[in-house]
């Protein structure tokens, strides 16, 4: 299939490579603003448009902006946005696309660069069921676990809600182990206790924030990501903002967002988000009294 | 063995019954303040003292107060405090006990009334390894999973740190599902997505806050506890206070503490703590504009 | 002057009346979505466009949407947006207006319906200094304290930052008095102490959250607004979102936002925002133990 | 009068000097733990005992501990505790003192070392009205503004509640100015706007966190205290803990506490607490993307 692919960043690059490997013909554009001028061309010359861009406003510009996808898209064409963005922006763009007689689904990914490279990303899709079925073979070139979650925006919502829990859990686990260490409790023993009890989490099992306890965890490789603190802070920001628009009260999500934002600006932004533990550790220095 | 047992509340009652069933001779006292006057007698006439009381200050009075355990305890005797309290209080009491030539371990439990009744509580023990071994047969009458965590206070720390993560997770999961519902995402589908991803938690698997998704969860029985919101708010309060004394910064723990405190005073105090979801739902009513 | 006025809500109505009283000829449109179709006409037939709308997205639609102001505005014309919205939306709209050769300033107001009626609103203006001077006579028909704060968006920023402090202060003062009452301290005496000390705030002096201490405070009139909890929650939401976009960490602002959001959904949304005190009071009911 | 004075720290030293200057005969002891052994002697040989110690547990030891004040105090004698501590500890100590037939009032101070030196501290007193009157001449040697707030503990409560609002306000004002700066708004103009509006606070007027706007503010002297971040974090910790014991929900106070705790461990602990602004500024560094 002839695919226009907008957004060749760290994630987009291996995803694009996998599309090519599966025999698709891909017309690719960088994420940089200048290149967005090519969006109209990407849309005009392709059977299918894929976008994967760093923010809600990038996606809005790429589709709705002057020289954007909308100005080039033919009636009936399908657009797949794989960016992680505000679900209400997905809806707004989808409506505008629909007005041009074309179709839109949101399909954010999780798994990071390693699984983008292997073509085994998890892909959560929001949109019409037939559009989902039509997109599936193309998505299958990039991901292994492809789920239709619900209507437009639902893919974003599912991804963000998962990350809300994962991000909060990483902060909670880190707080727990900092306290335990303050009392001289061996983190290995505490891990054993919690792993059999009500506090067990995927985060502790697979990306334990304390170095040396879980071999494959980022903490055991100097917090090489995985998923960066910057990206997790961004996702928590998106989900807290979504809660605001829905008037749903949230208490732990904004607290975790700010914890990660602080960690980011204190040097942990490009580390794995489990490095929030190291930020808390660096923040427990006694000031001399 | 001749055991003085101070604190026959909802939890203490079945625990005491199990001790008797295992052939121990138990001299029992209620938790009410008046009965604490009996502590000195309980200590004098027993080979072993067990306490399970509702708060740090109850424990301090029972041991250190006028007419308390310390005034009756013989040299070499062992005291087991099974209350959930501030670990620094455990340490203070242990020191005072040691000055009298006696011994003290902290051994808080988890599992609630059902497992207290079955004699299958989890018991986390802090204190000297030999004292732990000496206490083990008695503890085995009440619990199934008995772990020596570390020095005095470590049992409390382990319990509280586990509950920190469990309590925070319950709030995070509830926030996530409230947001998802606001976007019309089916909670069952979201549960499937999260259960295979980085946001998975014991809390969602076994006590999913949304009714009807996990058969045995409290949410499917009108949030019958389990572990009440009041108790979880208390434990989060203890752990946040411990963090304060250690000067360890914590961000999500106090946010979850206040969320549960609010839920408690809005009618969910004696429900299972997963009912925080219902509090958030009750708190999302649009006010008329 | 011939003025197109879009947004005749509770605030807009007396503001519009004051414009007419000052001899302006006003072409007025309601805030409801249907009426926005009139925006193009309002823009085409007026020398000056004024908008005062309830949200960022209303403003975006009114200016940028199909049939919006932009499609009717003549080159050189001035637009004054008096809505309280996201300052980055002000900037975006201003850019689009500039592309059509017209001009835009943001001029949010404070003082509520009473001062809108008296024509004594405070008006904080962002935009070009000459545009500000040109707008001043018109603004003077509606407000008494008219300040040029800085470039486009600065009016919004100033209003939101003021409300950040006022909103947080109302929550802090309420928390302080709830604690003092718990210890049996007379709120009148505490007010005297604080009013002479480092904790003094405009909020306590003029809108003391505890009823009966300050005669003219909303609390002494059953929390009749003043400025509603709903509007304060909205403004805190806007400023927290602005902080997110700037990557500025904020800790007390989101905590106050969620406190007010909760108060709103528990029946205090249309009361003055100092009623957060009553929400905290309603939230301190002991649950029976 | 013959006064036993326990706690000659940075604050105690000038306070003691003022007592001597007023003709009192003072038997003084250091705050260090070893010196507390002298408490019994201080109590036995004095007509009046004054304590000013760094923490609740120091006060408990000094009065209730082995060799403490209680063991030496004569019936009818008056004790004045000028420490800033948990008001429920004040109550507990007062009860124990009463059991010995002696009397106790709490009288924490504010104003810092400069006003301790000038003898112009503000002193907030909790306790019996006659005890207050009896203590007043002695207190007048150290302070200028001496208020009887209520029953025992009320002095502490008043001080802590004032500091709750002041501490939260400092964080709120700092957040507001960081956001405004992010949008390029001149902090001087914003100060003018807020000072005439609902966001005005004593904190902004007298200790503006942004350097260069208020001449006498600590921020204009490299944040020389004033009142340190460490002490404000301690006081917020005390008041949040008091709220916990009262089951009063608090949202902004714990957020401010953690903000100051973080600032403390990142190098601002011994600076004035308005340096929270500098911590937020240091925490807004973009991490490279």
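Each chain gets a letter, A, B, C and D, in the order it is written, and its residues are counted from 1.
As a convention for this text, a contact is a pair of C-beta atoms (placed from the backbone, for glycine too) under 8 Å apart; a residue touches a chain by one contact, two chains touch by 3 or more.
Remember, predicted model here, so these are calculated numbers, not experimental data.
Two copies of one chain, chain C and chain D, form a contact in which over half of the residue numbers belong to both partners. Matched by residue number, over half of the contacts between the chains of A-B recur in the interface of C-D, chosen from C-D, B-C or A-C. Work out the mean CA point of chain B and of chain D, and you get 34 Å between them. One simple way to say how far apart two chains are is to compare their mean CA positions; for chain A and chain D this gives 46 Å. Contact of a single residue of chain A with at least two other chains is seen at positions 247, 249-251, 254-255, 258, 261-262, 264-265, 283-284, 286.
Those residues of chain B whose C-beta lies close enough to touch chain C in the complex are 230, 255, 261-262, 264-267, 269-270, 282-289. Chain D makes touch with chain C in their complex at residues 87, 110, 122, 124, 145, 147, 149-151, 153-154, 157-158, 160-166, 168-169, 171-173, 175-180, 182-186, 189-190, 192-194, 196-204, 206-207, 227, 239, 242-243, 246-256, 258-259, 280, 283-284, 286. Those residues of chain A that touch chain C in the complex are listed here as 237, 240-241, 244, 247, 249-251, 254-255, 257-258, 261-262, 264-265.
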